[in-house]
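Two complexes, one shared chain (subunit A), two partners (subunit B, subunit C).
On to the complex of A and B.
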């Protein structure tokens, strides 16, 4: 490795550690949230350095963007009074045990990582690629070889939305809003670009970095930006259409998984000649659903029709 | 020749990044800091993108670099306006000598 690259990586690691520390220990909650967002951004850079652009895309959109928006929105609604005392945890009582636990966990992880077979599963995946139906190894693992895991991930996300909806109605209406004419104008300009990039990533997932998760995260980022600019879920979309959009990914996934049983009687055993189109269907449905689910998580509850507006 | 020009542009961009950061650290209040960081960084990114475009091999990459710069101009200007408005709404008065 070139010395400049090593210097860059060392700086990156150091900044991440400092930001992680600040995210937990900053006296000011706002400072902690901003540190956390910066941490997400640098994590994305770290994934790029590890040559994993898929994860970098998802991390940048989720870790830095959506989670940051969620935390800042929460911060805006917190009671201003009791915030200083809550976070001023003492080093000995709080940090030391957790640091010891973290150190032990890291050591354990390191030991496990070193004990794993060195090349990992690369070879097995590459051997099976001709039968995968897609050209991108990442998509092949996510939506074919280990489709079962992805199915469960999407089910967990849907469960989270259901749990959130059971807690009450959306909280966006109570968020104070600034008169800021620039933001709606920006959203009008950028929203088509968000949609374009979402579909580009979905299409690209078949043969390169991209796919359902980055595409969904990007779609959600665009939708959340629109919500922040004052757009509301239109009335005709609440209720059944929204529920369908939320469940579409899981439903399409399950239908395909059960449907292919007609061929060989095995759950998720795509018939090779139909694998590309089936995977593309699952990917598009899952990507759109992930986008809507993440936005629903930001809304914080089932949308109420408090006011009409552009969406 | 264009490689050298690219390096010169990137170095100039880095100098503007540096001056913007110095402004962010040294200026007295949020408005002056915004003024320093938004203007200097936008110009700096433009210079870096132009320098990288001179090093890029094919047209699509140069177009992407231009697009990145345009997106950052638009979103950066909006962000600065939002931060300044939020600061005003929280009762922060602009610094006066």
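On to the complex of A and C.
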């Protein structure tokens, strides 16, 4: 390894440790949130250094966009009186036991990692690639070999939205703190770019890093930006159409999974000659649905405050 | 050429560390947010330089995502957090 690379990695690691510590322990909540967002940024670079561009892409799309927006919006709604000042006094009682536990857990994880079979499942995946229907091994695992896991992940996201909606109405109605006259113009410029990148990532997922989750995160970021600029969910979209959009990913996934049983009677056993089109269908439906679900999470409740503005 | 790209990436990462100091010291929320935005922009450059060094094409996509999402955090900050949370970073007294 090049000495410059080692220096780079050391600096990256050091910054990440400092940011992680600040994210958990900063007295000032805003400082903690910004530290956490920057930690996500450097994590993406770290994944790149570990030669895992797929994870770097997902981390970038979720961490730089929606996670930060969710945390900052939450911070804006918090009661400003009771900022977390109590944490620092309890180092001996609170931090020390948890640090010991964290150290033990990390050691255990390290031991487990070292005990894993060395080459992993790369060989098995590469051998099965000709029948996968896509060129990217990661997409093949996510949407073909282990499609069941991805199906359940989407189901969990939908459950999260349902749980959130059951808690109350949307919180977007709260008035923004400052007028921002340039924002709608910026969003009009940026929104088409967000859409373009969403479809680019969906298309890219077939043969490289990309796919439904980063694409959905980008779409959600675009929609959230529009909401922040003052757009409201149009009246004709609330209710049934929105619910259909939320469930579309899961429904399409399930329909494909059950549909292919007509061929061989096995759940999720795509017939190889139809696998590319089926995977593309699932990916597009899941990507768009994930985008809508993440936006619904940002809304914080079922949209009811309808003013009929531009969407 | 690879060494040149890596050295550039290292220099920019050192800049990130400088921006990090501003994130941690503040004093106002806007200072932290702006140095955060600076770190985001620097990360785009770091990723592109790493692409130059390694040739992994997906890095361009990661950089593209960072670039396009750069506005998100600042817009949310301006619309939802600022200015009520613009507190100075002095330790508060226990109630």
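The definition used in the following text is that the second predicted complex is superposed on the first by the 301 of 311 C-alpha atoms of A that agree within 3 Å, B and C clash if a C-alpha of one lies under 4 Å from a C-alpha of the other, contacts with A are read in each partner's own complex, and residues count from 1 in each chain.
As a working rule, a contact is a pair of C-beta atoms (placed from the backbone, for glycine too) under 8 Å apart; a residue touches a chain by one contact, two chains touch by 3 or more.
As the structure is a prediction and not an experimental result, all values here were calculated from the model.
Once chain A of one complex is fitted onto chain A of the other, the partner contacts of A:12 are limited to subunit C, with no touch recorded for subunit B.
Of the two partner chains, neither subunit B nor subunit C is touched by A:280.
After overlaying the two complexes on the shared chain, residue contacts for A:4 are found with subunit C alone; subunit B is out of touch. Once the two complexes are overlaid on the shared chain, A:182 sits against subunit B while remaining clear of subunit C. Looking at the shared chain after the overlay, A:194 reaches subunit C, while subunit B stays out of its contact range.
Of the two partner chains placed by the overlay, neither subunit B nor subunit C lies in contact with A:292. Of the two partner chains placed around the shared chain by superposition, neither subunit B nor subunit C is touched by A:202. When the shared chain is aligned, subunit C comes close enough to touch A:51, but subunit B does not. Residue by residue along subunit A, subunit B and subunit C are tallied for touches, and C comes out ahead.
Residue overlap on subunit A between its contacts with subunit B in one complex and with subunit C in the other: 178, 180, 183, 186, 190, 193. Interface residues of subunit B facing subunit A in the complex, by the touch rule stated above, are 71, 74-75, 77-78, 81-82, 85-86, 89.
Within the complex formed with subunit B, the subunit A residues making contact are 178-180, 182-183, 185-186, 189-190, 193.
Contact residues of subunit C toward subunit A in the complex are 2-3, 6-7, 9-10, 13-14, 16-17, 20, 23-24, 26, 29, 32-33, 36, 39-40, 43, 46-47, 50, 56-59, 61-62, 64-66, 68-73, 75-85, 87, 89, 91-92, 94. Put simply, subunit A touches subunit C in their complex at residues 2, 4-5, 7-8, 11-12, 15, 18-19, 22, 27-31, 34-35, 37-38, 41-42, 44-45, 48-49, 51, 53-54, 56-57, 60-61, 64-66, 68-69, 72-73, 75-77, 80, 83, 85-86, 88-89, 176-178, 180, 183, 186, 190, 193-194, 197, 201, 204, 208-210, 214, 218, 221, 224-225, 228-229.
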